[in-house]
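Which chain is which? They are A, B and C, in the order written, and residues in each are numbered from 1.
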Amino acid sequence: MISKMAVVDTTTIGSGTKIGEFAIVRMGVRLGKNVIIHPHVVIEPGVVVGDGVEILPGAYIGREPKGVGATARLPEFERHVSIGSECSIGSNAVIYYDVRIGRNTLIGDNTSVRENVTIGERCILGRAATVNYHAQIGDRTKIMDLTHITGNSIVGNDVFISVCVGTTNDNAIGKLAYDDSRVQGPRIGDKAAIGAGANLLPNVEIGEGAVVGASALVTKNVLERKLVMGVPAKVVRDVE
Amino acid sequence: MISKMAVVDTTTIGSGTKIGEFAIVRMGVRLGKNVIIHPHVVIEPGVVVGDGVEILPGAYIGREPKGVGATARLPEFERHVSIGSECSIGSNAVIYYDVRIGRNTLIGDNTSVRENVTIGERCILGRAATVNYHAQIGDRTKIMDLTHITGNSIVGNDVFISVCVGTTNDNAIGKLAYDDSRVQGPRIGDKAAIGAGANLLPNVEIGEGAVVGASALVTKNVLERKLVMGVPAKVVRDVE
Amino acid sequence: MISKMAVVDTTTIGSGTKIGEFAIVRMGVRLGKNVIIHPHVVIEPGVVVGDGVEILPGAYIGREPKGVGATARLPEFERHVSIGSECSIGSNAVIYYDVRIGRNTLIGDNTSVRENVTIGERCILGRAATVNYHAQIGDRTKIMDLTHITGNSIVGNDVFISVCVGTTNDNAIGKLAYDDSRVQGPRIGDKAAIGAGANLLPNVEIGEGAVVGASALVTKNVLERKLVMGVPAKVVRDVE
């Protein structure tokens, strides 16, 4: 069932796949079986969509990054996106080029994921969240609404990051030219949990199974299975 | 004035109602009088829109929730949305099924409201805000931009919640299976006010007329007409 | 290259300009040379778009503000928007009427800018950010994702504001009727920097070159070239 009001320039479409009105699927896109493309979705060339994926109205898949300003990083990217089987991509979500998403992962409404990002399988990325370039997110990890994952960061498996969390990668706060060796986000170990409204400074390491309390400001590394709280965050006790 | 470029499958449309280009109004939708449906809006079956409502471009009304992941809650919902007269629904806003919105309420751009939610009349819900499942919001309450209202929470009448506020409902931070009796958001009393960037832990009660300062972390109940501040929040004085 | 599936009511279109499918460009819009209007963009009458501008899918330019509620401000605005040459307007961004944006500025995806706002040249406004009415933002300033710039605020040149920052303009937190002389946002001097998750109370002044640490709560003026940290923020040292 492909709407006559859709613009479909590809012929690589699996059986049972539906494309809604005013959706646009460009040449070279590959859609699996039983995919649902809702109205007003735009999918650019080079995007591969797995079986059973649902893409909600107004999502845009395959955005080109754009470098602007004197100190900014020049984006490098491949014109490719892969979305694993059974994923759900939210309404008005924006997925840039060079993003790989594992199967059974949910991307929330109004959420945006920049280039050079890998997201594992069975993850949840909430609504109105933003993921910056060159972030790596493991499997079964949940990142809640209104949270920002900074560029050049690593998030492990089975991590929980609550709402309104800010992560950062540049101690020079925008004053110096971009340099990969200096601009580093946090590295968050497997099974760690980050509370609501916490902020993580650049380059900190959160150990496996560690817990960062709500509203905490993490200024230095947190060892595995430690609970930290406060502004700045201090160790309170071991996690049981 | 119904655009010939819109897809309109319902005939229950009041006088004076306008539907813009590339909008989609599915079968069984009921539109009141003098409604303005802007271009690219999608309205699913079972949605009832009151007189004088304006729905801005790209809004999506009647989204189905989708349960994913081992510990997640299975969504239950009715295929119904009601939007009271004179409401304004922002551009690219997403309203899930089973939401009831009172008259004269404004929903901001890029804001998303999940299933089983009631919002009263004369409320303002800001831009890029998110409301989770099974939240109950009273009348004349204002919830500002970039704020998250968690699942299973109750917000009273005449409440003011500032920008960038995080609320939470699960002390197990994603580690346990979903259980209604354990997962409880805050209960915020009438006329209470919550400052910018505050975070509220699960299950706290904010008394009537209480004030939570900006950046505060509320870890326990706040009695009525008390002012609390700090991380963690402590009582500073009575509210005048 | 103007798509036959677009709605184009203006004839003031520069050479080399492209308009994508299902885009809507109303009467009286002026588009410069080599502009790219992606699919599903809506541009209302009175919008002027400079040469080389790119507007990504689903953006809405020329939204009318809507006043609601007893204590709200009645919006005043001109039906005009100007977007300087070489700007990039993100996917699903919403730009209200009476906004002026300088050249070479980037507005992120899902970001919303209200009426009576001026943004300078070579700025970056991140994704899912919100700017309220009557804010003035200088040149070469960067405002990162998920940050809110309040109404009646002034942000200087070469300022850096990190992610998840909240700014406010009303100590009465929604309890009193709107009054311009009372409702004042912060004034942030040139070259100042505001860390992630910081919150700024109404009417504070941040001096030139001052730095506000991550998670800080600014409750009073910060002198130029001072570094402040904490909740509430205190002076730590001079900025080098």
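One rule holds for everything that comes next: a residue touches a chain if its C-beta (ideal position, glycine included) is under 8 Å from a C-beta of that chain, and two chains touch if they have at least 3 such contacts.
Remember, it's a predicted structure, so these values are computed and weren't measured experimentally.
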item	value
Touch-network distance, chain A to chain C, counted in steps	1
Interface numbering overlap (same over half, different under half) for chain B and chain C	different
Whole-Å separation of chain centres (CA-atom averages), chain B against chain C	24
Contacts with two or more other chains, residues of chain B listed in rising order	22, 40, 58, 92, 110, 128, 146, 164, 197, 215, 231
Residues on chain C engaged by chain A in the complex (per definition of touch)	5, 21-22, 38-40, 54, 56-58, 88, 90-92, 104-106, 108-110, 122, 124, 126-128, 140, 142, 144-146, 160, 162-164, 193, 195-197, 211, 214-215, 230-231
In the complex with chain A, residue positions of chain B that touch it	7, 22, 24, 40, 42, 58, 60, 63, 66, 68-70, 72, 92, 94, 110, 112, 128-130, 132, 146-148, 150, 164-168, 173-175, 197, 199, 201, 215, 217, 231
